[in-house]
Each structure stands twice: as C-alpha cells, then as structure tokens.
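In the two complexes below, subunit A is the common chain; its partner is subunit B in one and subunit C in the other.
This part shows the complex of A and B:
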C-alpha cells in the first residue's frame, strides 16, 4: 500500500484518529479505526470487543487534471453516501450504517460489519465463507446464507436500487443470535435505477463471480441465491410476479448475450 | 513450458517472416528474423525471441483536411502500393531469394473489409509464387506481441488504443481477455473525427495534430467541462465527441449565445480551439487511465503496456506513468511511432510465433479475412 497515501490520510484525520489499513482497491483505500467522529460515548469498548469503524478514503489521483479529479471524487463519494443513507431506511435490507462523510475530501465513515471466521478462514465475507465449507458444500448453513443473500439482492432491486459490482467479496456476513446474516457493502458503483437491464446485469455479474471462484458447486449455489431473490418478489403479489418475470427474462438474455460483441470504430 | 521450436526453420539457423498489414489507412510491410535457439525449446520466452527487424516500411493513405478515409479509396491505395513496398522491403532486408522466407503473415482482421481484401490477395499470390506457408494474424494480438517483444514486458495489462479499437486486455489461460472496452466508438476515431470538424491536416496523423494544438493551450487551469463516461470497466465516447463537435461549431460560427465559449455580457471569447483540444485529451485519457488502473487492481499486476496508434501520445504515456508511480513497483511500457502505429513487423512477429507453434494455413480457403475478429477469440498457444 502506498506510504504517501497513508500519510495523507493521517494528516487529514489528525493523529487523534488511529487507523489500520486493511485493503486497497483501484479507487479507494479502506482503513479501520476505533474512533467515532462525533459521538464520544460510542468510542468506548462494548464488553471486551473493541468497537471498530470503517473509513473509506478516495485519494486524489495525480494523473488526472485537478478539476476533473475534484468533481469525480465529490460526485462518487456523495452518491455512495446517499445510497447508503437511503438503503439503511429500507426495512429488512442490511447495509452498514453511514456515520459521516466529507465529500470534498473523499472520505466516508461507516459502521464496521463482519468478524473473523473460525479456524483462520479469514474475514467473514461470502467468498471466505464458501471456501470454509468447501469440504461440506451442501451444508444447510450454506443454503440458508445463500438464500438470505438472494433475499437481500431481491430487496435491493425491489426498491429500485442496483449495486453495480456484486461479487462474493462485497457480501459480508454478520452473526446475529448465532445466525449469519449477509450485508451488502461497497456501493461505489451503485445507483438508483428502475431499468430491468441494470438488475439483470447485477444478477449476471454475481452469477459469474460465483462460477469463477466456486465453480464446482456453482449451479446449486446460484439456484439457492435465485430462490431467495424470487421469494422477495413473490411476496409482493401480482405486481411483484410481473416484475420478477421481466427481471428474470432480462437476466437470461444478458447471460446469452455474453456481454461482449465485436467492436469496430 | 512452451516449445517454440516445434517447426524448425528452413535454413536451420534462423526464422524469416514477412508481415503484411493493411487493415486501415496504413499499409505496412515488415521482415523480421528470429534466431533458432535451444533456450526456446522448453520455456516461456515468447517475449524474448531476440527479434531482429530487417525492414519496416509503411505508407499511409492521407486524406485532405476535413475528410476521413473511405474503404474503397483506401483499398485502391493499398493495391497501388503494396507490390512496390514488398519489393523495397525485400531489398532493404537483403533477401535475394524470397522462397527462403519461412512464412508470410497477413492481417486476418479486425479492420475495414476492402483494404483487408486487397492485401490478402497479394499474400495469397506471394504464397503460391514462392511456395511459402501463410499465417493469418489477429491485428490486436499483433500489437500486443510486438509491444511485449520490444519492451520485454513479461505479463503486462495491455491498453490497446487506436483508431478502431479501445480495449484493456490481460492474459489468462491461453487467451488475451478483454477486461474493459469502448461501448461505441474508439478513442482514435473520436480524435480523428474531431480533427475533421476542426479541419486540421491529417498529416502525419490527426491525433498528433490535436496533441500539438493541446500543448499550445494557454489556459490549462480551467478545463472546459466535458462528460466523463466510465461505465464500470467500460467507457463510452460518442457523447463526448458530439459535445465537443457542437462546441467547435459554435466557436467557428461565433455563436455568442454559448455561455461556455463567450462572455454573456461583453461577448468576449473565453475559450480557444487549443483549450478544447487540451480539455478533450485530459478528459479522454483520464478515463483510459482509470479503467486501466481498475484492471490492474483486478488482476494484481503492476505493469502496463500501451499499444496502438494513440499510444504514441506523450501526454497519455505521462499520465499512465503518474498512475503507476502511485502503485508499488508500477512500470509503464510504451513504444514510439515506428511500432505503435500499424506496421508490418507486428503482424510478422505475432504470425511467426503462431508459425513456430505449428499453426499455419493449410488451405487457401482458410485465408478469408473478416471485419469482426475479437482479441479473445485467438488461442494463444505460445504462452503458458
């Protein structure tokens, strides 16, 4: 991870906010911290588990013109924060809570979701979770989780939002009363959209992600996800049935299309 | 491990290949030599063939300012010149007996139909005349292999930017996979068409002239705001072209109602043609660098190779270098106009690699050229 960027973040946040870098994407750096930006009582440890928050920072990109950089950083941080704020109001939908955002500096403060899986299987995202069960791939626990994943995506789409980058690492599992419950994270490419096309593409992207990382059991896995997805729409009566038909039809079309076509200027 | 020596050369010492390229307005003929070395028998050295360029000749069909090249006229240009160029190439390479050649490589696609046809007809004729086997080459793979051999980049993320193509490519499992590409027109096409609107010369190339104009911009702090259209890993450029075209037209017609170009009170001109060129470049290249960076993060690579005609643009190379500096161990590989712009050598290089893996045309019916030929359709046998 680039030292320079970490220094930038430290100067921006001041030394009062200790940070631990956890990952670097193409666009943003992700850190954890135990400091809440405005609620002092929330910084204390709850029991013996230290409280953690996520800071997502979009560093300025030196390669592009400063004015392009400024507009993009502001636009993307703002849209991500907006979507998170909107989605946290949808009943039943699990997304991390937005705590604070500074769109001009490209910084978002959000709730920390997830934990470490037992027996050093890594962080509790769906990818590692499925790897953990690779010796027992059709365990009822896997089926339950994937069904819930489908439900989450169904809820997202039913409310006319799209994720844009659904992969198994962008689904984090959080334990509640001994049950795993999936959270959607990283809405950097998310949008509010009523188009069936976007929803079909979302489903297709997730299907591809599952096939490419867990190819042996992918058929069953995708079936379970789709079952969860359908259950949300089917609960919405006749209107839901109709919309579901449209989305699934488009999803199958996108799959056939294979996305890529011949290109000629 | 790959055996690049499965087909021994005719003379037992080195391979000789002739490459013919004519998929767009450039007609290129190149002759290259690969030494026959035992280290290529069992290794992954397709980027280390120790290629020697014996000749690299190109002739470009240049149209008057404000006009693009039409397939029919371009094909006529190619037909008129191709025999002369092959003669010159053989002479420069000191190949007195053309039947010494191991293979003749031609562009199979993608490209414009008529120019491709006129070149492949010559390739077939030469093959029959000299009794030399033919190899059909994908134009994009030609660019990639050429770039790898020249820069010695082993496994880079490739940004292929030219008049007909805009793709971000990475290698995996015997295939050059396309990670992101343009959804409508190519970047070179966008620049060329804007150059046509500006009526600036097509000599040496419209993109080069835009780059020179952009350098002269006196107001580099304030960009003219243009649409920024990255869609995930893909991008779209037709909207940007339409917008800059309308700006340029307003500028030429002195349409003082346009508040971006003219001060609404005094009617004073705020933006020049040079400023628009500068903003256009900054905007387009920022989009390219962004999707390249995304692909690099995705495949965990730190090398970039820029190929294709637009790859000669110094500003693009500069921006890519800045991006790579911020990534650990980032490296940019780019070549100059001899190799960036379409040429015969690149076709010869990719074709010879195919030939050395035993992939040759067995019957003339396999030499049909195609306008649509995707980079990921080629089975890359010469890499691990």
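This part shows the complex of A and C:
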C-alpha cells in the first residue's frame, strides 16, 4: 500500500487511532482499527476479541484539479454514507452500520462484518466460503447461504436500491447463532434506482461472478440465488409478481446482450 | 466533572452531565445562547452513541470551518437533527416548555481548568450519563416522528 497515503491517514487520525491496512481498491484504501471514533464505551471487548471498525479512506487524486477532486471525493463519500444509513433502516436487510463520516477528508467509519473462516480458508466473504466447500459443493449450508444472498438482493431491489458492484467479495458472511448471514458491503457504486435496467445489471454481474469462480457448480448456485431473490417479490402480492416479471425479463435481456458482446469479442 | 474524549481531537475534551427533574428550566431558557455550553432536552436522546455522534460531526464541521451555526455548542444541537433546518433543530433538541431532564455539554480545551463549576447554574439532580438513564427518559414516539422519514415506517 502506498506509504504516502498511509502517512496521510495516520496524520489525520492522530496516534490515538492506530490502524491496520487491509485493502487498496481503485478508489479507496481500507483499514481496520479497534478505536471507536466517538463512543469510548463501545470499544469494550466482546469476549476476548476486541471490537473492530472499518475506516474507508478516499485519498486526493493528484491528476485531478484540486477543487474538482475535493468536490468528487465529497460527493462519493456522502453518497456511500447516505445509502448505508438509509439501508440500515430497511427491516431484514443486512448492511454494515455507518458510524461516522468526514466528507472533507473522504473518510467513513463502518461496522466491521465477518471473521476468518476455519482452517485458513480466509476472510468470510462469499468467494472464500464457496471455495471452502469445493469438495462438498452442494452441502445444505451452501444452499442456505446462497438462498439468503438472493433474499438480500431481492430486499435491496424491492426497496428500489441497486448495489452497482455485486461481486462475491462484496458479500460478506457474518455468523449469528451458528448460522451464516450474508451482508452487502461496498456501496461506493450504489444508488437509489427504480430502473429495471440497474437491477437486471446487478443480477447479471453477480451471475457472472459466480460463473467465473465456480463454473462447475454455477448453474445450481445461481438457481439458489434466484430462488431467494424471487421469494422476496413473491411475498409482496400482485404488485410484487408484476415487478418480479419485469426485473427477470430485463435480467434475461442483459444476459443476452452480454453474450452477444462476448461473441463479437 | 465527567470528561469524555474524542480520540481524533486530542486537544479537546467534552464535559457532559445529565440532570433529572430540573427546577429552573425557565431561567435556563432565558439564558440559552449566553451560557458556555449546550443544553439538550434529554427526551430526544436515546443513548450515548446518538449524542456523541453529533458531537463528532460538529467537531468535524468546526475543524474545517464549516459551522452552520454561530458556535460549536449550537452546532452540536444542529448535528443531532436529521434535517439542516436550524430553527427546527433548536425547537426539537434544545430545551423548551415542558422539558424536565437535560443534558449539558461543553467542548473545552484540554488544559482549561475552570470546568468544575461549569454547570452550577442548573438546579437539578445530576445522574450518570448512561444508556440506561437516557433510555428511561427518552420519548420514542418523538424520535420516530423526527428521525425515521423512510417509507418503510409510514
């Protein structure tokens, strides 16, 4: 990770907030810390494990004009924060809680979700979880998780939000009473949207992600996800049925466009 | 005096106290704005997290010269509000007719020493600023009305 960016963050946070870098994406640097930004009583340990928080930092980009850069950073930071805050209030939908936001420095604090999978299978995102089951790919645990993943996306779309980057790393599994519960993370490209196109694209992006990492089992996996997705709409009566039809129809069209594009090379 | 710190703002401290059954609400109301601290109606605050998230937000705005009100203390009250309407924020989260329990809050420099008498003007029983005490004083219906504009709650 860029030393310069780490120094910026350390200066900004002061030595009172020690950080550990965990990821560098195209737009943001992600760190963990054990320090809560403002509620000291929340830092107490749960069992022996200290509570962790995520800090997501969007550094200034030197190639952009400084004032444009500031405006863009502010806009994106605010947009991701607003979406997270709104989505936390949707009953049944699982997203990490937004804790704090500094739009002037492109910094947000988020609840940490997930844990390390057993036997060094890595962090508990959907990608690693599916790899963990590669010798037992149709285990009921896998089916349950994928159905719930579908439900989460169904809930998101039913409430007229789209994720914009539905990869298997952006679905994180959190253990609750021995059951894995999927959370949606990274709303950097998320939006409020009533468009079936955006929803169709979300579904297609995830379908591609499943196919590209788990091609042998992808048919069944995508079927389970879609079952979960549909179940949310089907619970919403006639209106739900109609909307579901529209989304699925568009999803199939998006998939067809994708195929044509790849045939043309 | 109970003293809290916000890790990122290590030159500042937050003095904060919770008072129950305050007898001189009218006197305090007439002095609002001239006292060196914010007075918040405790019925609008359900937990410490809600209170300190507003203080954090106000400190950020203060540090980057983006205060929308005259001072850091009034900004803390504005930051409690989900809207940016200043008058509305004061009417809801500040003290008003009928207020009984209050939170007094001052952001001070780490080296300021005069803080022990800061809230002496308040005539009420001081109790611990705990989630439990706040939870017993707050008005859920009010919070619902103000803070949950999402369609799922309508």
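Note that the second predicted complex is superposed on the first by the 258 of 265 C-alpha atoms of A that agree within 3 Å, B and C clash if a C-alpha of one lies under 4 Å from a C-alpha of the other, contacts with A are read in each partner's own complex, and residues count from 1 in each chain.
FYI, contacts are C-beta pairs under 8 Å (C-beta built on N, C-alpha and C of every residue); 3 or more make two chains touch, one makes a residue touch a chain.
Values in this document were obtained by computation on a predicted structure and should not be read as measured data.
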item: Touched partner set for A:62, first subunit B, second subunit C, both or neither; value: first
item: Touching partner for A:135 - first (subunit B), second (subunit C), both, neither; value: neither
item: Which superposed partner A:120 touches (first subunit B, second subunit C, both, neither); value: neither
item: Which superposed partner A:194 touches (first subunit B, second subunit C, both, neither); value: neither
item: Contacts of A:177 with subunit B and subunit C, given as first, second, both or neither; value: neither
item: Footprint overlap on subunit A, where subunit B in one structure and subunit C in the other make contact; value: none
item: Touching residues on subunit C, where the partner in the complex is subunit A; value: 4-8, 10, 48-49, 52-53, 55-57, 60, 64, 66, 131, 148, 150, 152-153
item: Interface residues, subunit A side, partner subunit B - complex; value: 1-2, 4-5, 24-27, 61-65, 67-68, 71-72, 164-165, 189, 260, 262-265
item: Complex contact set, residues of subunit B against subunit A; value: 110, 163-167, 178, 181-182, 185-186, 188-189, 221-223, 225, 228, 232, 282-283, 286, 289-290, 293-294, 296-298, 319-320, 322-323, 326-328, 371-374, 376
item: Subunit C-facing residues of subunit A, complex; value: 12-14, 16-17, 35, 37-42, 86, 89-91, 99-102, 104, 159
